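Think of it as A, B, C and D in the order they're written, each chain with its own count starting at 1.
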Amino acid sequence: MDFLSQHIIPPTATHLQLLEFLAVVTYTIHLPYIALVIGSAAVAMWLTFSDHEMPNPLFARLAGDLIGIGLGSGLPMLVLGVLPMMVLPFIYGQWFVGAPHFPLKYIVLPIPGVILGLALLGLYRRSFRGRAARFHLHMALGTGGLLVLMGSYFALMSAIIRLQDPEKWFRLKNVVILLLNWNVIWKFLLFVHLGFALTGAAILFFVLRWRGRESVTDAEYAAFARRFGAGLGLAFCFAVPVFNLFYVFTSPDVVFDSTVYLLGAAVTVLTMIIAYAFVAALRSGQPRFGATTFSLFILVFVLSSTFDVRSMANANREHARLIETKAESERLEREAEIEAAMAASAGRNLGEETFNGVCMQCHRMNDRLVGPPLATVLTKYANNVDGLQNFVLNPVKINPEYPPMPNPGLSSARAKAVAEYLLGQMAAPADGAQPEAQTPTPTEVQSGQKSH
Amino acid sequence: MTHKTAPVPAAAGHPASEARLQIERDVISAMQKPGLAYWALVGFCAMVFVVCLLGAWAWQIYKGIGVGGQQNPVGWGIYIVNFVFWVGIAHSGTLISAVLFLFRSKFRASFNRAAEAMTVIAVMCAGMYPLIHLGRAWYFFWLLPYPNQRLLWTNFKSPLEWDVFAVSTYLTISVVFFYVGLIPDFAIVKRYTKGFSRHVYSALSLGWVGSKRQWRNYNMLYALLAGFAAPLVLSVHSVVSWDFAMGLVPGWHTTIFAPYFVAGAIFSGCAMVLTLCIPMRKIQKLERVMPIDHFEKLAKTMLFTSMIVGYAYIVEFLLAYYSGNVYEFGIFADRATGHYKYQYWGMVFCNMIVPLPLFIKRLRRSLAYLFITSIFVNIGMWLERFVIIITSLSKEFVPYAWGTYRPQPVEISITIGTFAFFFMMFLLFAKFLPVVAITEKKEEVH
Amino acid sequence: MARRVISAAIFGYFALFAVLILLLGFRWHTHRKAPDQPIAFSHEIHVGKLNLQCLFCHEDADKAMTAGVPSMKKCMDCHVAVKTETAGVQQLTEYWNNKEPVPWNRVHRIRIREHVHFSHKRHVSAGVACEQCHGQLAAMPRVRQVSSLKMGWCVSCHTENNAPTDCLICHR
Amino acid sequence: MDRRDFLRWVGVASGASVLAGCDLNRKSEKLIPYLVPPEDGLIPGEATFVATSCTECPANCGVNARVRDARPVKLEGLAGHPVNDGALCIRGQAGLNHLYSVDRIRQPLMKDAAGTLAPATWEQALPRIASAIEAGGEHALLSGRTSGSLAALMDEFSARTGVRRLPEFELFSYAAVREANRALFGVAVVPSLSPDDADLVVTVGADVLETYGNPVAFSRALARRRDKGGRFAWYHVEPHASLTGFKASHRLVARPGTEAHVLSFLLHYVANHRPLDARTAAHVSRVPVVTAERASEITGIARESLDHMAEALARASNPLLVAGGVSVAHDGGLDVAHLAALIQAACGMPGRTVDFARATDYSRVGSMADMDRLAQRLEAGRVGMLMLFRVDPVARMSDERFAKALGRAAFLVGVGDMMNATLERCDVVLPLSHAMESWGDAEPVAGVLNVVQPAMTPLFDTLSDGDVLLRIMAEAGAAPQTSYQQYVADRWAREYGPGAGDLVKKGYVDRGATAGAPALREADHRFGFNAAAPAGGPVLVVAPSLRWYDGRGESLELLREIPDPLSTVTWDAWVSVGSETAASLGVRDEDELELRAGGWAARLPVRRQPGLARDVFMVQRGVVAVPAGWSRVSGEGSALVADLTVQPTGRRVRTTIVSGSFTEDGRGAVPGRHPAHFGPLAGMTHGGGEAVHGSREDVSFYPAPNYPKYRWAMAIDMDKCTGCSACIVACSVENNVPMSGREQHLRGREMQWIRIEPYYAPDGSAADFVPTMCQHCDYAPCEPVCPVYATYHNDEGLNAQVYNRCVGTRYCGNNCPYKQRRFNFFDFRERRHPLTLMVNPDVSQRGKGVMEKCTFCVQRIRKARDVAKDEKRDIREGDVTTACAQSCPGNAIVFGNLLDENSQVYQWAHDPRSTRLLEELGTSPAVFYLKKGNGHDA
């Protein structure tokens, strides 16, 4: 956490938006892949098992194809699976810099688990060829990998979903609170079911489209794959809106704005379109709609991750705003210094301007307004520019019969200028008839400071 | 849905296989497309269920539980009576299927399917009542121990909480048991049907082909389930009895309740099986698969349990007397002589007197007589629960707080509603599922 | 025929859930936790920029069960002179001159509140910071309810800080 | 929207659940700031107290009103007040219901052309009255009993406007008593009674615990007396059955109208056994002698009890004897009053136990004779404008003739706060503010003045009684416009000088007794009682009602909800019938009887009343409208209706009888008794009478409860408890106890958290009144059976009930051996405005489907804890008491921390008399009962 925050520059508002965008992109790359991995691995294992029970070449072949699709080679695993995860801590680390109880470690901790899971599944893929010999090892690898992957991914997901619920952060040291949470559970179920549906789409897409129709020469396998894929996809499509609804429903109230709800609804609508596509694929004798369904699914993932990121941003909008204002004030500070220098060179009196612009709202020299007459209070700051400056920068309540002086929000340069101006006024004859004459020029100020 | 019956495959010459086919045909033909009258009956039950139960319940939730007759001091009315009654009914199912299966007693095969179906349905009915009975039914889920951050948990000291588990366990086990028993039969039924229903049945049969391996696993599983289910026969109704025995209400607070209730449950259960099976046998022409002497065995069981129950009635009276405890004896004296004396003596008559003639073999074998007896016993057992629950509450410790309870229209209508539900479900069962375990019946033939 | 039925069924199914979500959205919209106020009073300015103390305006928070919405007089103490040119202050002054209170909209609308007897006094005197429940008001141009105020939330904080968790503490 | 809503919406249980969604009463959506915060540093949500006076009956107790958000939410007795010292009776507690009653008149009403009362404005109504006054004729003003400034103002009013002021009307006018005192002592007053040091109390008909004089004061004094210990006995002679009678140590039932014989016997006995001065002796000599035999024969009282009483009276060093109530309310009543006064004189009671100095001022109150004269004048059409001021003669006397006669008045002006039979007949009705809304003062007894000051701004367009008079005077041009507040302020300044300032703070001023004890005077009164033996046959006794005095406020639903302690009837009217009589008539409870007497007839359900003499029937004032005949001799309204014919109609009427049984049936339901045993175990007892404290480790499997700091507990003294039911009302108001209404009562769904359980001896000779509430047992049977922990035991020993966790299985209710749990079968929160305001904001209102019960006023404990925390200390004795204990006139209830050895409750719990209910169940309750008979009832 600390070592991270050292490497993080305090972001501005635009910066935060950029981060949010980045997060969505990351998820768009990452989530569908993991979903596909989980889905295809699970389905492949089921197929292999049934084939083992009652030999069925179609099953075996489809299982092989699925493993090829989902678990691919090592490279996509690294690029799509591992690297995007690595990005997450940095994105959120920057977004939430300085937020109290920010549970970054929960985002970091599960990552190794996920990697391990992926690795195991990799081994599972390798052992596919020789499964006849060492069937049980093969299945064990698959199951183990799947469990590790899903388990640690659940943890990761819950950590991220928790960012939408800052009111619970201070409780997160309690793991039950972290994991046993309806919102997260629904989200994960939604994710997994999308995964299986996506696998269905993937079968249509990769097996029947990607490699081109010619790759699948025998019509029987083609028909089987089509029916299986579309059926699988369709079946799981129906689960999606249910979990989506529950997820939206259990999200804390703070995350919402109208867009978030629309996104939630959009996910459901999109799934409906996909469902129709699957139905069409089932009916038409031809293996079609593979590309459509698959790309639409990617879109679904985009929508739902946008939902999450936006929720996160809504829930923490004060945090964002604070960062913004902080950056803003620093900018002002810099500008003010420049302005002061310019003013000095132009011979204008910054202090007087500030006084007339800001202080005059509540203060007069000799009569009482909201605040006390300055003539009475300034005396105790005689020759104490810094003291007055400090007071102006962060005022404290002194005189009970006045409301406390609010922070005028001046830059330190302005404050200094105004302090010098006022003390100058004090030094000058009370009538303050010819202030200009009395105002010290910057050079004098320099010397004056030296003097005390 | 409708069944298009496919031509029955021609019988092989072998007499045994001939007999087996005969059984198959009998059972399957019982599943013929139901007639209009049948549908009308089902429809009527459904309507009564919707109006009398759901409607009345809606009204009750809207107005408040006060539309019932419960009051101070009688906080529990006939809702709980019905609850106990239905749980009792549910018992014979497990008894007949599980226990008799373990004892390898043959006559079970004629009834177990019907009994199990009855169990499942009866438990559903029973399960409704604790909810109906709640003052704030919409918070029923507070009775389930689910994790939450309010640090609120259910009170496992409370017998009501035990009920939640007892009933849900019982429902689960009996449903699983019922279904597993059906799997091979589904496979058979599948062969006789066409079209959509064929798809359904084949899906339900989970790809049963009757291979050696399947049968091996199947028998193993079935025996195991029977093993699980058998203890439930004792446990579930004992737990239900503790709802009362654990309270210190005079008339409830006694140790004999558990065995007493279990016996009563089996008693009422057998009675209900008779009530259902006798007409079913007639209507669906199952005389061949449901021989009389099986009914006779059932009658014997009933007679036996009736005597246990009768014994309990007498014993608790004597206990109350010997306790010398004014509250305890006060209740029993009041039962026999007080405001609810008719219910009490009605109960004694139906449960102790009516079954006695079953000692005579001829009566045991006369279905008509058995039917009538079973009806009486059902009524009697309902009254028993009424007497136990309501009289005990109406005259407790503090004389100032004595009061009498009278069921109100809403309660009665809801009661009727559950009976309608029960019969509706059973009628559907009788037409859409094989009402007798075909495969087991076949095993009988050698 | 069957095809139509099926596709219609699919549509119905998904449409149902979409509509349910939108219903949730509608309900959220009607019971917004950050309602519009008759005067666009900004805590961001008063707390954030001017860093006034909470107790300066909500003076009963450490004395009474309720924190209390500040009196009009409290507003006018300063705004008789300060920022009189801004629209909001002019609205305020208008209310003040007609001697009618500003009808603020509740932000924390708690259901079945008659069952919970919450005391600001006890919590403030126990040293619970206002932000802990009311969020970063310093950055809220328009106040919103940041805490669910659900029982789980109360209890978890109580257990966290060994505050009493006897039901009768809050429920009577 | 949270999960519960959602489940409710999608209706998991059934579609029905959807409907259940509408049961929450939403709070306001707006947040309205003060313009300027209240000066006096008023903290929102903190209660303030206003000291004022109760005006529910002529006793005028001092009241401390608890005000929340500018609205009184609870009335409590004013601590230290010379009359009631912190206590308040059932009617006083219900004053709040009077204030918030739905029957309040909300603006002036005027008869329109159609002759029906229509809403109007003061500007319309007052000139109408003024013109009526102008119109001339013999104007008259009839009011209820007034005192203090109002009385003065009325005199001024009649003086200036020429409206003749008639003698005030009170049904309980004490005419006989006053007449006797005038004749014998020359002071026509109702002396107050102080049994503080008496060693013998003899009450003849005077129901001193219910309505006679100031019951609260008497109960308080009685409690003080019992605390002193020593010999003390109380004989009560009465023709009917009253709470007072059953609470006395000896209850002698005399035939109606024969009390004079008892008294004359007593008088002569005393005369023979006590030294008398000549004048007294002279008086005595003029009293016809009645021997014990004759007295016994005439009255039907056993000879020996008469002797005992006489002997005790003769021996007593400082006795108190008083006759009143039903015993003086008949033709022979004046004799009774005279004899009583003579005995008082003979035993030297005046100045000691009978306090003439502290007399209640009834001088302006007339008698039925005056009402009769008024009726005649009305019939003669000689009355111009008649102003009926806070008085309801039509209903009180329920006299056809008077009601008709009223119509003959030229112009009727009614002034009152609630609609009633009299106001309905008026041409103009002026609405009065309740005392809680108005300025004024009242004089309970001589030398004491209560302030009446507003605790809230008037709910409706009403004026205080004084303001009404002033406005009329101003309208009639009889006086300059001024406010009554000003008027009383001036008067106080005149009377009390500078002291008037703290008068308002303190709420009352006590200038001490002025006059001394009056001496006996010459008087000749011819006693008529010996002339003829009273006629036999059935008699109807119209007894004063504990709940509504002479019938006023009978429409207050709060009082209707409370069972009458003797019969436990709540809402309905009934006639009490002695057990023998019932047997001879062959009627049971709820059988209908037809009663006829003269022109009057009524059909009433029977409620058997143990201890009621044969052929005596009893109804209560207000519950049943019985024409008030009156005694030509004393002018007292008659309480006896002779030549009564009774016959069963054969119909059965469902009646709201709350109790399930008269006798405790050997159940050990009375503290100190234990369940009978029989059969083989006969003679064995468990539990045992000795005091049992705290833990039961010896017999229990369970660990002893562990209470770190507090164990809240209550103790009740059965000697001091008078069964007056004030605690029930106090509790109901404090805890927002639902008013479930008649229909629910019929189904046994009454909701009060406290009840007074009457258990009569089988022969009806004696009765116990057992106040019971949740016993907060250490081992509460209700707790383990709740599946959701809605009820549990907290570490302060409270048996907690969390309403919003309750799902309503009602198992706890079944399993509570004391049957102290109440279930909300419907949503009982719904009330009509302004009754909706009678709510204590510190206590949750319970919705439908949840269980509730006594909480030991946990909100008060929390409040005390809050204060203690601010002062960084623990709760101390005296910081917290429950509503019932606070209000108890008899000081019979104490509440506190059982772990604190110095606490009152600890002392009582460890008293040898201490016992607990159903001890043998091993529940170990936190409510201790000091069983009856602490020795000094001889």
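Please note the rule applied: a residue touches a chain if its C-beta (ideal position, glycine included) is under 8 Å from a C-beta of that chain, and two chains touch if they have at least 3 such contacts.
Keep in mind it's a predicted model, so treat the numbers as computed, not measured.
**Student:** On a CA-centroid basis, which chain has its centre farthest from chain D's?
**Tutor:** Between chain D and every other chain, the largest centroid distance is to A.
**Student:** When you take the mean of every protein CA atom shown, which chain's own CA mean is nearest to it?
**Tutor:** Smallest centre-to-centre distance to the global C-alpha mean: chain C.
**Student:** Compute the distance, rounded to whole Å, between the mean C-alpha positions of chain B and chain D.
**Tutor:** It comes to 57 Å between the two C-alpha centres.
**Student:** So what's the Cα centroid distance for chain A and chain D, whole Å?
**Tutor:** About 70 Å, centre to centre.
**Student:** Counting only Cα atoms for the centres, state how far chain C is from chain D in Å.
**Tutor:** Computed from C-alpha means, the inter-chain centre distance equals 47 Å.
**Student:** With centres defined as the mean C-alpha position, give me the chain B-chain C separation in Å.
**Tutor:** One centre to the other, that is 54 Å.
**Student:** Send over the residues of chain B in touch with two or more other chains.
**Tutor:** In chain B, residues 149 touch at least two other chains, as defined above.
**Student:** Tell me, which residues of chain A touch at least two other chains?
**Tutor:** If we look for residues of chain A contacting two or more partner chains, we find 171, 177, 249.
**Student:** Which parts of chain D, given as residue numbers and ranges, touch two or more other chains?
**Tutor:** Within chain D, residues 805 contact more than one other chain.
**Student:** If you look only at chain C, which of its residues touch chain A in the complex?
**Tutor:** Chain C reaches chain A through residues 3, 6-7, 10-11, 13-15, 17-18, 20-22, 24-25, 28-29, 33, 44, 46, 48-53, 56, 77-78, 80-83, 135-136, 138-140, 144-148, 153, 156-157, 160.
**Student:** Going by the contact rule at the top, pick out the chain C residues touching chain B in the complex.
**Tutor:** 150-153, 155-156, 159, 165
**Student:** Contact residues on chain A for chain C in the complex?
**Tutor:** Touch list, chain A to chain C: 166-168, 170-171, 177, 238, 241-242, 244-245, 248-249, 252-254, 256, 258, 261-262, 264-265, 268-269, 271-272, 275-276, 279, 283, 317-319, 321-322, 325, 361-362, 369-370, 394, 403-404, 406-407, 409.
**Student:** Which residues of chain B touch chain C in their complex?
**Tutor:** The touching residues are 148-151.
**Student:** Which positions of chain D touch chain C when the two form their complex?
**Tutor:** 1-2, 24-37, 43-46, 792, 794-795, 798, 800, 802-805, 842-845, 855, 858-859, 862, 866, 869-870
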